[in-house]
Each structure stands twice: as C-alpha cells, then as structure tokens.
C-alpha cells in the first residue's frame, strides 16, 4: 500500500493537472461535471488507455509500437467477419488472438531480423492496413441489430461501461505483472540495460515477443471496442491511434528512455486527453484547437517536470 | 558474402515484382483501341469504389482499355500518380481529385499531350479542364435541412440542431455543412454545435455523445458523411434514444452502412449521390470529347454538368 | 595451497575460437580444481575475455570442449552456465540502473512465491549477501543512486550471491579503492576455503600474487604458462605476458617551472570545500584518495564538467572562468576521462576524427575543414604516441583498449594543452601500453607541460607524481612530496577521517 | 605487426561489408531496379516517365537531407509534416498576395527555420526529449495552421514564375531534382567537410564523450533543428509550387515518409552513422517503387502492402546478413565486436 502511494505520488503532477483542468472545464461547461458525461469521458479515456497500457510496457522495454492503429482495425474486421461463424464471445477472443499474433510478428521482426522497433512497426502499420483493405475489399463490415456485440462497449453496473472495467482491470493486471512477475521485471531490465539483461540470462527475445503480443492484444481489444461502439468495422478504423497512445503514455510520465513505467500515469494521461477533447467539444470549440491544446499540454507538462530538478547542470545533461 | 547479399537483393526485387504483379489488372494496352485513365480519390471509401465500378463498366462497355491509379488521399500522390497515368499514353483522363486546388499541374500536363480531362465530382480548382460532373454538395446540404425541418416540425421538437463536419482539410465536403447550416438557420433553427468528426465513424460517435451532453434538447443532426452519421446514430441509440424518431440523423452519400442503418431504424435519412452513374457518365463525356464533339453543359462558363442528389428515407430506400 | 588430488571441477580442452577474421583462442587447455583460485592474466586482446565469455555461455567455441565435473558440456546461453553453477562477474557494468540493488543481484533468479516475486525474501537475501561482503548498501536503493564503487560492489555481490561452484571475476577491482580491494581479496580467499573455485582475471599482478594459487598467462590467444604462484615471480609473469621484461621505477627528477594553474577556494557540489593548489610547469601533481574521496570531482570541476564556485582561478597569471569543457580546451587545458567508453570514445568515428574533434575549428578555412592539415596533425600524433592501427581512417572501436586510450591522449595533445588533467589514465590498459603511457607522460612533462593526475592505483603516484595531495571525504588530508610518497603514507592519509 | 593486429586488420576488412551495405546497398538496389524496370516494365523507359520519377523523389528528398543530419546526431524531428504544411501555406499566401516569388521563398524557409529554432531551444534549454518536443510541436503547428487559415481552405496560385520551380525543367532535368541534388551536396558538404558536421557525428555516436571533447552540444543541436527547418522549408516551397497550391492539411504522414526514407538509406536510427548518398538513393527508390507499381497497374490495396514489405525487407537485409554470418561461424554475440549490443533495441528517442 505504501509503495502504491509512492507510485501515486510520483505522478502527482498529472493528478493536479487533471483536477485543475477538470474544475476549469466544470466552470466553463456546466454539464461537464454530470455523472453521465464523466462516464463518457472515462469510457473514451479507457479506449486509449487500454492500448496505452500495452504501449507503456513497450516503451518501458525501450521500444515502440506504431502499428497499434492498424492492428486495432484489423482485429475489429476479423472479429466482425467471424461473428456469423463463431458467435460473439468466440469471435471477440479470436480478435484478441489475431492482435496478439500481429504483435508477435512485430516482435519476431525486431528480434530476429534486427530491425529497429520504430521502423519495423512503421512498416507493419502500412502492411497491416493494406491487408485489412484486401481482406475487407475496402468495404464496411457491420453488425446492426447484433446487440450481443455491444457487450464490449455497453454499460455494465451502475451505468459504468465495460471499457472502464477493462481499463482498470488491465491496469491492475499490468501493475501486478510489472511488480510481481519475472516477466515484468525483465521488461524493465531490458529497457534499463539490454546487454546486462541478456548477460544475466534474461531471454530478451522471449520477453520482446511477449511484450509485442500483449501490445497487439490490447490494440485488438481497443479496436473491437471501437467497432462495438459503432457496430461497424473497416480498414479506416482507429487511424492515428498510435500517436494518441504514445501521447497518453508520455503524459502519464513513463520515460521514453525505458527502464521505468507508470501504469497509473498512463490511465491519468488518457483521462486528461479525453477530458480536454470532451470539454472543448462541449464548448463547441473547433477540433484544431484540441490538437493545439494536446500538443501544448504535452510540452508544458514535461517542461514543468524538467523544472523540478532545475539546475544549470541538469539543463546541460538532461537532453535525451 | 557478397553473393549472399546479391541473392538477397535479387530475392527482394523478385518478391516486389511478384507482389506488384499479383495486383496488376492484367489488362494490357493495345495500340488499336483507346485507353481511358481514371485517377481516383481513395479506394478506401465506398463512395469512390462505386464511382470506380461505374467508370470501369463504362469503359468496358465502350470497348476501351482502362487504367486506374489511386491518389490515396494525398495531393502529391494525386499529382505523381496521375502524371504516371498520362505518361502511359492514355487518350482521355478522368479524375476525381483529392484536392482540386492541386489539379493545375495535372491539367497542364494533359493539355500538353492533347488529352481531354473530365473531372468527376469534388471540384475543378479553377483549372482548364474540359468538363466537370458535379453533384451539388451545397444543394445536398440544403435538401437535408429542408427534410430535417419537416421531420422536426412534424414531431414538434425544439428548433435546435447540430452539424458534424469532416476533417478540416476536406474543404469541398465542408460545403455540405455550409449549405445545411445556411438553410436551417434561414428556417429559424439554432445550430447548437458544429464539430468535426474527422470523417471517422468512431469520432462521429464520440462527438455525438458530447453534443448530447451539452445539448440534451437537440432534435436533429446533420453529418458531412455517412460513416459519421452512423456513428452518431449509434451514440444516440446507446443513450436509449432513436436516431430516426427522437433525434433525427441525416447523413450524406448513401453508403451501404447508412442504408442498413436507416433500414434498422437507427437513422432518419441520407443524401444520395450516384457515384456509379457519375462514373459511367464521365466515360461517355470522355468519348464525346475524344470524338471532338461539343458538350451540353449545365453551366457553360464553368463547364459544369450537374448530377442531381436525392434524399433517401425509409420510404424510397433501394434494396 | 592446492592439492593435486583435488578433483578438477572445470576443465577446458583444446579450446579454439574464431571471430570473423580473428583467431581469439588457439587450442587452449585450462583446468580449475575445487577450492582453487586460478588467476588468468594477459594483455588486452590476449583472449581472456573470450575465454570467460565461453565459460559463461555468452559465446560458443568454434572447437574444443568444456568439462564440468568430469562430463563434457555445452552452454547455449548464460542461463545454462548459471545452472551448471558458474557465476560470472563481468568487467563492464552489467547493472540495470533503474532497478534496485536487490533486483540486480537476483536478476533472472528472483525468489518467487506462488509464481510471484517475493520482495521481502529477495531484500533479505540481498542484505545477507551484502553483509557477508561487508558492503554497507541498502538493497532497496536503486542502482542509479549509487556511486561507481558501490555499483562495482553490487556487481560483485551479484556474482557471489549464489552458491556457485565456480566464480569467474573479470577485473573486479577496477573501480575499487585499496581498502575495498583488500576486503574483496579476503572474501575471495574465504570462498576458496569453503570449496568454491575462482577464476580471477586481473591486470594488477600485485593482487594476483596476493590471492592466486596458480597463474595462467595467455598471449595472442595461446596459453604461455600455467604455474603455481609460489613458483614464479612477478617479472616472470610480465615476461610471459608481453614477451619482454619491463622496467619499473620511481618518479624521475622533475624540473619545476613557474606556477601555471592556480586555484583558490574551489567548492564543488557542497562536498569539496575550499580546495586550493598551485600547479607548476613541469610538475605531475597527484590527487589521490579512496573512491568517493572527491579527487575526481576536483578534476571534473576544473574541466567544467561540474558546477563549482571558485574564489580565484588563474592560468599563467591571468584570471579565467571555466563553465564547460569548451572553455577549458580554449584555455589549453586537456582532459583524459576515467570512463573511456562513456566519456571518451566516439565509437563510430575513425581514429583521425577522434583525435581532431577538439581542434577541428582550428583546422578550418572559411568554414570548411582543410583535410591535409587534419591528416598531417593526426598522423603526427598517431606516430608520436605509437598508436597501433591499420590506418588513421580505421574505426576506433576496432582498436585495443590501450590504443584507444592513446588516441584519447592524442586528442588532448593535439589541442596543444599546457595543463593536462588525467583521470585514471591506465584503467583497463594492459601492461605494455601502461609503460608506454608512463614514459609518454614523462616526456610531456619534460617538455614543459603540467599534469594533474588522479588515480586509484597508488603505484601510479609513486611512478609518476612528484607531489601528491590526498583527499578524504572532500578534504585534503595532507600533501606529500618526493620520497615521502609511499603506499603506506598515502594510505594513512587516505583513511584519515 | 603482431598476430592480434593482423587479425584486427583482417577483421576490419570483413567488417567492411556492413559499412559497404550501409553506404552503397540501397544505391545498388535502385540501380538494379532501374535496369530491370527499363527492360521489363512497360512505359518505364519513356523519358517523360523517368524524369517524372526523379522529379517525384525531390519533394521528400530535400526534407530528408535535413532529417539525415538530425538522425545522424541521434535526434529526430516528427514535426516536419506540420511544418511543411504551415510554411507552404504561408508561402502561398505571400506569393498570391504580393506576387513576389522571392518573398515567398523567404517566408516559406524562414517560417520552417523558426519552428526548427523553437524545437531546438525546447530540447536544449528546457531539456524535453526530441521525440516529445517535436511530437508536441507537430500537434501545435498543425492546429495553428488551421487556425490561421480559418478552417483549412487551400490557397491557389499559378503564375509561371512560381510554378516553374516545382514543374519546370532545365535541359529536360526537372528543377526540383536539381534543387534536391544541390541540397544533397550541401548536406554532404556540411556533414563531411565542416566542423559542424563532425560535431553532428560525434553527438550521434556518444553525446557525453562529445561534450567532454569540447563539442558545443547545445549549440549544435539547435543548429541541427534549424537546418532541418531549412530543408523542410525548401521541400515545402517545391511542393507548393508543384501543386500550384497549399493548404494546412498538406501531406499528412510526411514526417514518417521522410524518416522512413532516411533510415532506408542506411542511416542508423540510433545515430552516429549514415550518409547522404543513401538518402538520395532511398528517395529515388521510393519514387521508383510507386511509379513501377502504378505502371504495372497494381491494385491500390496491394500497393500499400508491397511498399511496407519492401521497406521491411530492405531494412532486414543487414540483420539477415548478420544471422547468416553468425550461423556460419557458430554464434557470435556482439559483446567484443560491436560497441552497442543494443543493436535491436531500436526506437531510440
């Protein structure tokens, strides 16, 4: 519990930002602080948070995944097309597996062909989107009236939606994995010092495959939740998800250099972006102001963080 | 070792050509017959797939060879790919431009080779094209506004509507919203929100949720395209309401999903364009141009031919 | 002493290993008895590291075999070696800075309970290990917050944390102070008494003779001798290592000129307080002390790498301010960093570019570099320092440690500096290159340069310095000159609180 | 020479292969692709077509020259796409109102350089990592350009003096390609012949050591971003002129194409190694690939897959070579040979 508080405190800066922005938006847009709206905000935050949590592991290991948007749409399409054959529960599971397999391929390319993660997943982004287009023939797949699939995005208990449970569940799971499993510690070890990890006998390739499979699976889940919201899947789904996911992780305070990760931070980062988008929509502000705000916030948050250790020498050294 | 590298390079090239060949249409240009080139906006969208199908069928019926390039929603790809097309010795160019403003170099290159240019929809960018077939976006928006007024008045709901726009860079599609908003205001309505859903279905869903929160008494929503309209309709039905009877959702394009959504009772209407027919029509116009005939323009000054847009509701939905 | 009848726990037979284009090991035989401390010595590039990596499972030999407890074995990866009871302490830091000391000690061997990592047990076990080694570090601290010496000790603790049959130590004392080294050596001995076998790799023959039962010397991938330590002298071993005898000695007579660099009341990091000194032309001033005593910080502050406050800093009588390394280089102060890999090498660049980087702006005409000048200058220094490379366009990465160090030295010399700050100039350098570097320093000083030398090897001061200032917890505890400079007197000052 | 030295020499000859591939690999691939396409791809040998291919390579190419310098120094710039759109848009605004092409060039380039300067200052003075700074900046600049244009309507201008830059030719050679080659020569000169270039390599290979060696790290980083801005500005001007128009939504994903081209050209993402020649070749390869796929009438969806696959394959070659190599001489880890056993960690930011 004490450790939990320490970790929580570490990301306090973002907690304060979340609260302040929440209050400001509440003042500006009175409907912002209604229960329904807050649930909407959290639901939308959860979508990015789920894939963001996967991305947190990838970034903690010193890697990236730019293919999550493509994977999300691919999994959504596969899962939709399987519903008539397998039924809803099995096709959802199939979607997650498909995502994990795409992730595994990413991992294999990175470890076996030694292509840097950034470029490997960038190529995979194009390839997977292309495959999805070929698979769907560029058409929409829809399940109107198939209310069973709504389980992924609908409300469960007390009006709280499934994605929120997923996000919190996955956060708890990853928090546990990070802290209490060898796999989790080895992810951090790899991110901190790759050669030390491999010389200590950590099977870095296996860990890498695991990480990317997990990222793929979380991306697939996000993709299917989005598909379930609109009951449609196509190859254009979730474009730009990769950048949102990375932005959320960075805002949350996970360092890009690897070796360290904050699961709670990622959740809060997602909440922050979702709040801003929602608040500005409520205020009827054009979308490009939202982009501007997210960009400024990202730089602002990190600039403030840098100021914490403000010293001339730290300015000299902290460039990464 | 260098042999291995060489082998790898060869393998790489062979693979790339195999891949390329897989996708090739297999239609070889013959010198006797005429060749029509079509440069499409982006085959990812159902609307343009239909347009392409119409163009292809028109070309086939007329006995032309047919070459397609895809602009993939990028203006520089639009220019380079279309010029690739022109350099293959086509006899007429049909283009559905991603950015009409960037048509200049394409039209100039075509004119230099004496190739007639038929623009299919979107816009002509003030260039020297031969003819443009255009379904009137502004008029479609107006039509949607009129229908929405009928629905809202009949239901006796408050005169408050919202408008969902495409991504900011899609300036031509934005005219639909401009037409809608102008007409609906004229009819005495308040437009409570104009927000972008980036043309994406999931964004349409999110934006609609936010509109519902900020304006629970909104009675109608017009969306710049059908995917966003369907997304918005889903958000409304997730809120326990109906997009066909509580809050009237009208989209644009008559995409398959929108028709399904109307059938399912989730959405009120959509403004139909006829991309397939437009495609066929452009081939006919190209034929006339190649044969040196003068065209009958609807607007001679801008060399425009209008294609009517239709309102599709549950009553007149095609099967 | 080793009992010949004692069982052979690890045998190496006919070991040969090829790197692309290099035969790193040629038909090497080696054996290790139970409870034996077997030292493996040789110059850099002699094949020691290759052999260790094979024993550790990091590399697989081209031919030859390992015999563990009498049965031939192959290791596919480091885990296999670990499971066979072999524990390796590598020379380079092998720690994950973001993780705790305990985790680093138990990485990949974390104690688990019901599949979960048992943090309590891990921390307890780590404290036990650290206590056994008399290391005073809280196992829950993150490694990045430790000093270099503490990190090195953590590294050693990791190697010793398991009930390994065989412990391989590759230059374990490189970053340790004398006191810590003695502590470590006594631990090694007690481990041997408990029946653990140790392969001890070191450049420092003094240490080797303190602990080793037997000594094997490698040269150019070939085993030269294996002898009982009691049967050979230090000179015999050196002869075997380099193929010729080396001359040791004391610092030659230095002719001091006027004061070059004068420092009054230097304060660094709230740790060094009011340090003052005058450095004369032709002088080698040693700054000594145990790890963490602060000598290193003084040098880094003088070179502008640390924030510092100073009342007065004068060079040749005129005041100057040094805020970053560029200022220092402009004032003709050169620096050779102790961590060559981290702070010195530009690994992807050629020897030429590594030398010329500090003076590149002086070599330009208008705004481009005059290639001939650069070529000429770098060739001059490569020849002067006898850097062994195939061409000055060769990547520095492909040189041996000693030659890399000479290139870094050449960089400072090319800057035509009058004051040279040397931090551990011979760390990780083999015996032959070490002697070359020593005589080079002699000739530089003869030609009028002033040198500040910081080292953790006290021998180095005896050989080079005509004056030594000894630090302890940030303060100068005493100054020794000439014949006063002995290991005993320096140690006495260094351990004064 | 001792045995060890001979071995080192032999080894460095062997090691030459990866450097050779790094430097000339993609150039060779381009040559082979051109030869094959010349004989087997219908219409490829049409001079108009070949000239169009090299013209096309220039638009990404100019910006890629700047990005090559950034990536060699171990940083990179994700904001070039947004910068391109904003500066091209402002340039078009200027030229369409003042009809002065010179002024348009100045505005386009200076705006881009200003954004580069801001990036550089944020990275060095505030200490935010380059990845985050430029990612955040890309959002901000993209938003700004929509706000300035009040919604995204593009500006159009087609006076001969302006569009000549993107569409004209000199002795049949496309002007953009000539400018690309000039940019590339300038980039090569900067990297290889100036102290600044040496600093770029030093920072990329080991930033701390570069600082200790007296390299003005901060100043160099700021300059690098200004130079990235400069070359991006040139690309922006050429694209604006090529398209007779520019809007704030210009070229989404441009930054990723540029980075992909640079990395495909053999520049190491982790910094310290790379070449302009490779970048030129990679830009040509991209343009050639797109052209060949179009000439073969490849399906648009298949094209996407093919382009990704080819990129992946080209980048795997070095890894595959290493593996074959290791297989043939048992297993060699990078411990003694290579400085960074972090080879496949990638994605350094």
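Brief remarks follow.
So that you can tell them apart, the chains are marked A, B, C and D in the order they are listed, and the count of residues begins at 1 in each.
Here is the rule we go by: a residue touches a chain if its C-beta (ideal position, glycine included) is under 8 Å from a C-beta of that chain, and two chains touch if they have at least 3 such contacts.
Computed from a prediction, not measured in an experiment: that's the story for all the values here.
Think of each touching pair as a link: the shortest run of links from subunit B to subunit C has 2 of them.
Using the average of C-alpha coordinates as each chain's centre, C ends up farthest from subunit A.
If you average the Cα atoms of subunit B and of subunit D, the two centres end up 33 Å apart. Remark: subunit A and subunit D have CA centroids separated by 29 Å (rounded to whole angstrom). Our note on geometry: subunit A versus subunit C, Cα centroid distance of 44 Å, whole angstroms.
Separating the CA-averaged centres of subunit C and subunit D is a span of 41 Å. Each of residues 133, 138, 195, 198, 286, 288, 316 in subunit A touches at least two other chains.
Multi-chain contact residues of subunit C (touching two or more other chains): 58, 324. Annotation for subunit D: residues touching 2 or more other chains are 146, 151, 211, 299-306, 309, 320, 325, 333, 335. All chain pairs that touch, listed by label, are A-B, A-C, A-D, B-D, C-D. If you check the complex, the residues on subunit C that touch subunit D are 18-24, 45, 49-50, 53, 58-62, 220-221, 303, 305, 324-326, 328-329, 335, 337, 341-349, 353, 356-358, 360-361, 363-364, 367-369, 388, 390, 394-395, 397-400, 411, 415. Of all residues in subunit D, those touching subunit B in their complex are 17, 21, 25, 28-29, 32-33, 36, 42-43, 46, 48-49, 52, 56, 59, 146, 151-156, 158, 163, 166-167, 239, 242-245, 247-253, 287, 289-306, 309-310, 313-314, 317, 320-321, 324-325.
Against subunit A, the residues of subunit B that register as touching in their complex are 43-46, 49, 168, 192-196, 198, 200-202, 204-207, 209-211, 213-214, 227, 230-231, 234-235, 238, 255-257, 260-261, 264, 266. If you check the complex, the residues on subunit B that touch subunit D are 1-2, 4-5, 8-9, 12-13, 15-17, 19-25, 27-29, 40, 43, 67-70, 72-77, 79-81, 83-85, 87-89, 99, 101-102, 104-105, 108, 125-126, 167-171, 174. Chain contact summary for the complex, subunit D toward subunit C: residues 2-5, 7-15, 189, 193-195, 198-199, 201-202, 204-206, 208-216, 272-273, 325, 329-333, 335-340.
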